[in-house]
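A, B, C, D, E and F label the chains in the order they appear, each numbered from 1.
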Amino acid sequence: MTDETSDSDQSAESDQPAESDQPAESDQPADSDDTDTQSTPSLATDAQRNFPVPAFADLPEDLQERIAQEAEEAGFTPNVFAALAYKPSQFRAFVAFHDALVDDTPLDRIEVEMIVVAVSGVNHCLYCNVAHGALCRIYGDDPRLAEQLISNYRTADISDKRREMLDVAVKLTESPATVTSEDLDRLYEAGYSEEEVWDIGAVASFFNLSNRMATFADWRPNDEFYDLGR
Amino acid sequence: MTDETSDSDQSAESDQPAESDQPAESDQPADSDDTDTQSTPSLATDAQRNFPVPAFADLPEDLQERIAQEAEEAGFTPNVFAALAYKPSQFRAFVAFHDALVDDTPLDRIEVEMIVVAVSGVNHCLYCNVAHGALCRIYGDDPRLAEQLISNYRTADISDKRREMLDVAVKLTESPATVTSEDLDRLYEAGYSEEEVWDIGAVASFFNLSNRMATFADWRPNDEFYDLGR
Amino acid sequence: MTDETSDSDQSAESDQPAESDQPAESDQPADSDDTDTQSTPSLATDAQRNFPVPAFADLPEDLQERIAQEAEEAGFTPNVFAALAYKPSQFRAFVAFHDALVDDTPLDRIEVEMIVVAVSGVNHCLYCNVAHGALCRIYGDDPRLAEQLISNYRTADISDKRREMLDVAVKLTESPATVTSEDLDRLYEAGYSEEEVWDIGAVASFFNLSNRMATFADWRPNDEFYDLGR
Amino acid sequence: MTDETSDSDQSAESDQPAESDQPAESDQPADSDDTDTQSTPSLATDAQRNFPVPAFADLPEDLQERIAQEAEEAGFTPNVFAALAYKPSQFRAFVAFHDALVDDTPLDRIEVEMIVVAVSGVNHCLYCNVAHGALCRIYGDDPRLAEQLISNYRTADISDKRREMLDVAVKLTESPATVTSEDLDRLYEAGYSEEEVWDIGAVASFFNLSNRMATFADWRPNDEFYDLGR
Amino acid sequence: MTDETSDSDQSAESDQPAESDQPAESDQPADSDDTDTQSTPSLATDAQRNFPVPAFADLPEDLQERIAQEAEEAGFTPNVFAALAYKPSQFRAFVAFHDALVDDTPLDRIEVEMIVVAVSGVNHCLYCNVAHGALCRIYGDDPRLAEQLISNYRTADISDKRREMLDVAVKLTESPATVTSEDLDRLYEAGYSEEEVWDIGAVASFFNLSNRMATFADWRPNDEFYDLGR
Amino acid sequence: MTDETSDSDQSAESDQPAESDQPAESDQPADSDDTDTQSTPSLATDAQRNFPVPAFADLPEDLQERIAQEAEEAGFTPNVFAALAYKPSQFRAFVAFHDALVDDTPLDRIEVEMIVVAVSGVNHCLYCNVAHGALCRIYGDDPRLAEQLISNYRTADISDKRREMLDVAVKLTESPATVTSEDLDRLYEAGYSEEEVWDIGAVASFFNLSNRMATFADWRPNDEFYDLGR
């Protein structure tokens, strides 16, 4: 997506659509033959407050590669990677789940990010609010949507269809036992396809995991995330 | 991932107890020497109520292999696999996360299962209560522990140390925003190591995902799970 | 304790339908002329953890008779009787209320037990979940219904009519102040008679008492209850 | 149960203060020497809104007797008796339980009524707030205590010891699953005896039944209760 | 705002009913023709428990005037004035907000007081329950309405229209984030005008402030309030 | 209250930082020497979604003056003023209360704003999160503090003393009835003075009003607020 010959601001803000607006591209490994000219990413020792952060050099090679790729794309190493590096086996699974949710879904990417911040808002998760707030601004091309959704999705500037989506995602977050097929029917009536409905549930579920891991370990959002996409 | 001719570590790390440490062999009717004559696993069409279940034959090869392995070990195909087969990309990530949690942890396996059922109890998740209730009976070698923990971990027959573990796991489930380093300190004082503390948080977090996916799609526990380990 | 001339499995499982499948029968006093050959029931000293359990011999005669009858029917003394024997005046009233609810109602006995376990599930009461879980299996002739209802009545295999019944019983449990005549109307629309509607409210109310007394005193379910009816 | 020619202990144990210890005789207009000329009690047809009230003449004799006695003592028929007359079997058990709680306890009667109104306040039960508010004013000889406790027991004019009592009674009401032996220990430390601790739990439990039956059937407090004891 | 030489409209708008519309004159012992001989009001030192109460003589003149007026009208100094005198700047603003709500609204005064006690009931605020309970009895000319609304507005003797009003006021109190334009639409459908709808929201909002200040500082209702209007 | 020819203390105490302590002058495009040529402020018709916004020209003179002053200081008219202009009597009282809280307090202004956004975060109020988020960035001279506090004050970069302050402010917001003098004692132990403790309660209380009015009327934050102070 980005390439090293570019000085554009865009590339520095990445983990986001490039000019061609292809969101899945960023999941492809960065061109391996230019990594040798890349500076080695470092993991912020204060990426999480409740557990130590390992040194980049001590990580298994696959984690090093993934982190290098993310750092190159974003222009910095998102702290979630530094934090999860504490347990490589969970790092791999967490990242794989996240990739599955954003790379293999008929939902619009902005819909995924809308669910993420609405769920993270009610779970009061600092890391996810700030990091995915940035993604929500970028993918929604809207500097204000993230704060609206984190505050209260009911007063956000969104369509009725997406309001239904968030009603169900937040209900699944706050009182999972009360969700029934009637809630899924609301989504079908709003116009979502069967696979989209599944993914609305899956994205909301995954960030109920992510919010809890982030709060438990006290992951700290990188300073860059606060400003991206404004 | 595993195959039936292998004695590899892999098999010992799988979801099910390997032969050598199988706490309740009699609960697992599968007989390793008849696997070559094993019929193809079938996926129960009523494994979940809110989404269709694909045919086994239509699944990607890696899912077929994993499901065949699970079916062989358990003597039946746990419905979680049939349900998740709806989205192979999420199947892979979900199973990988689960494997990481049970295969790479200093926690006792029964501690993992105790967290699972305590969390699933407060989230009121039928599938996880019943399926992991069986695992809790098997790994704890105790026919009554699961029902105690699902009902109310505070009145279960467990050590003070594990009571502290469940206090924190349930707090992270019910009010994640209120968990702070003071809660982690309680775990250290109870005697858990740093990596154990991380894993207590991670297991609780993962089942907050799992409980929500299960309720959303209405996964049905196999009849076998209700009786295993009694 | 149970009559040694009987070899029916049924009788050993009792507080439950006798061979003729008449659920009310067990409420009739045990045949008085064979009590003299009966061994004296004993009260488990660990029937409750937060209060002492008196000796059977020290109880008032009417409590001895009732306990002897229950022990004969069930094949063991349910711990609720040992626990309540701490206060004979409350023992009598508690048992009288329970008897009124199950002996004088147009509700099916399984409906009563369904309410009990659904209510006890949301109140997280170990004793009632386990003891009435057994009754629910027996009266429902279904080994899996109790665990479904304890986990989440919304995902249990029950009719729409009974789903409405449990919606109201659980609402009365969780937020009693919000129950209004509109909730009763839902029950009438589902097909319940006026007296049935009253009794749905009364059963739910009584187990809000029972769950609290059981948790407060930490009543322990007899081991037998975990297995009955499977 | 009691009759006007009796000096038995029974009368001293009844729901209403006996002559000898009647704290606010003037609040109770009934005049004992005119009971033989007393007209038959009538049951207010609007004693409850969600169920019919039977005619006094149609009630079983034991209910007639109890109601006549209560009407004589109070000077009016408390609507709880008219309401419960809908189901005589439950009337008997309910009244028996209530009698056991107030007649056979080492708790001061005002302590019982304090628990009742604190519990009924958080359960938002109109009937119990108003009817037992009157009893709380009478037994406490304090025209303001009831409103304080119904509003918020934490800001009521009560001793530290009774504040502990109400802390536990309200916790058992609002989140029964979280009550443990540590809560009972608080009561012992505050100076309550073992039997008092049991009864604190039992009274709180019983009014969790009573509040729910009253709200479900919409029992209406008699007008007299609003003014008694002021 | 008003002074004793004035017959202005202002006095009719004050917190207390003016002579011309005083619904329960007898409850208010103040005698208008002795105001010039009125003794200086004193502020009860126990008007609040968590902060000191200043001396009347030390207050700024405008507070002295307002308090004197209130004391004259009520026949005693409501403790809210003594409590707020701790911070004159907040005293002025609080009183000005309250005056705006009751003096400039198309809502009936009894509707305002109904909202106040329903909100204060769910917030469990002693001061507001008791002080505004008195006003509710006086303005509603009903000795029982306040206790009904404080207990549970759903079982109070009120019209359907006012039931809708309180549904929204209490929802705004208990879960403000979930209130949307659909709730306002319910009020329009019930027959409220646009300005009345605004004021329903404003009154409920103001008492969410008032309840919290009162509980935080532990304002004590004057003894007089418990009896007014009965 | 302030006028442009004045250098009085008043201006330093106003809602917006005065020149001398303006932490982020560049965020405030208003230029004081062009005020006489300033165009008349206009009130955004979409300042609130659930009620109309009056025309500036139709407002009472005192509202026009205050709004002109605010518009001059901020460089735009904060929508709260346009929204409240719907009811001038409430506008005046609301603004007076707010002024009292920020102009007459020993709390640091940043402490006031920290309470505001922590309270508004748990109440999920869009307007207050965004508008006071801007003030929090400006007065705290910290572009990230507001998002941290809105997300979860427990994971924000704040001192232990202020953590105690927010613990109490949020407890007063979420469960006002449970706040007691023990909570105030925590604040004294943390080092707050008596008047500061009062003001912590008052600020939290006022924003429980403000959050509810804002959500009820659906006040919309000006676009400028999203960016100020970053």
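Quick note on the criterion: contacts are C-beta pairs under 8 Å (C-beta built on N, C-alpha and C of every residue); 3 or more make two chains touch, one makes a residue touch a chain.
Source: prediction; values computed, not measured.
Visitor: Give the chains in contact with both chain A and chain C, ordered by label.
Guide: Looking at chain C and chain A together, the chains touching each of them are B, E.
Visitor: Please identify each chain that touches chain A as well as chain D.
Guide: Common neighbours, chain A/chain D: B, C, E, F.
Visitor: Which is it for copies chain C and chain D: same residues on both faces, with over half shared, or different residues?
Guide: Counting shared over all numbers used gives more than one half: same.
Visitor: Roughly how far is chain C from chain F, going centre to centre by Cα mean, in whole Å?
Guide: Centres of chain C and chain F (C-alpha means) sit 57 Å apart.
Visitor: Round to the nearest whole Å and give the separation of the Cα centres of chain A and chain B.
Guide: 26
Visitor: From the C-alpha centre of chain B to that of chain C, how far is it in Å?
Guide: 32
Visitor: Where does chain D touch two or more other chains at once, residue-wise?
Guide: Answer for chain D, listing residues that touch two or more other chains: 124-125, 152, 155, 177, 215, 218.
Visitor: Using the touch rule from the top of the page, what pairs of chains touch, sorted by label?
Guide: A-B, A-C, A-E, A-F, B-C, B-D, B-F, C-D, C-E, D-E, D-F, E-F
Visitor: In the complex of these two chains, what residues of chain B are touching chain A?
Guide: Per the stated touch rule, the residues are 49-52, 86-87, 89-90, 92-94, 96-97, 99-101, 103-104, 123-125, 172-173, 176-177, 179, 181, 184, 194-195, 198-199, 201-202, 204-206, 208-213, 215-218.
Visitor: Please output the residues of chain B touching chain C within their complex, sorted ascending.
Guide: Those in contact with chain C are residues 121-122, 124-126, 129-130, 133, 143-144, 147-148, 150-152, 155-156, 215, 218, 223, 226-227, 230.
Visitor: Quick one: in the complex, what on chain A touches chain E?
Guide: So the residues of chain A in touch with chain E come to 152, 154-155.
Visitor: For the complex, give me every residue of chain D touching chain B.
Guide: Residues of chain D touching chain B: 177-178, 180.
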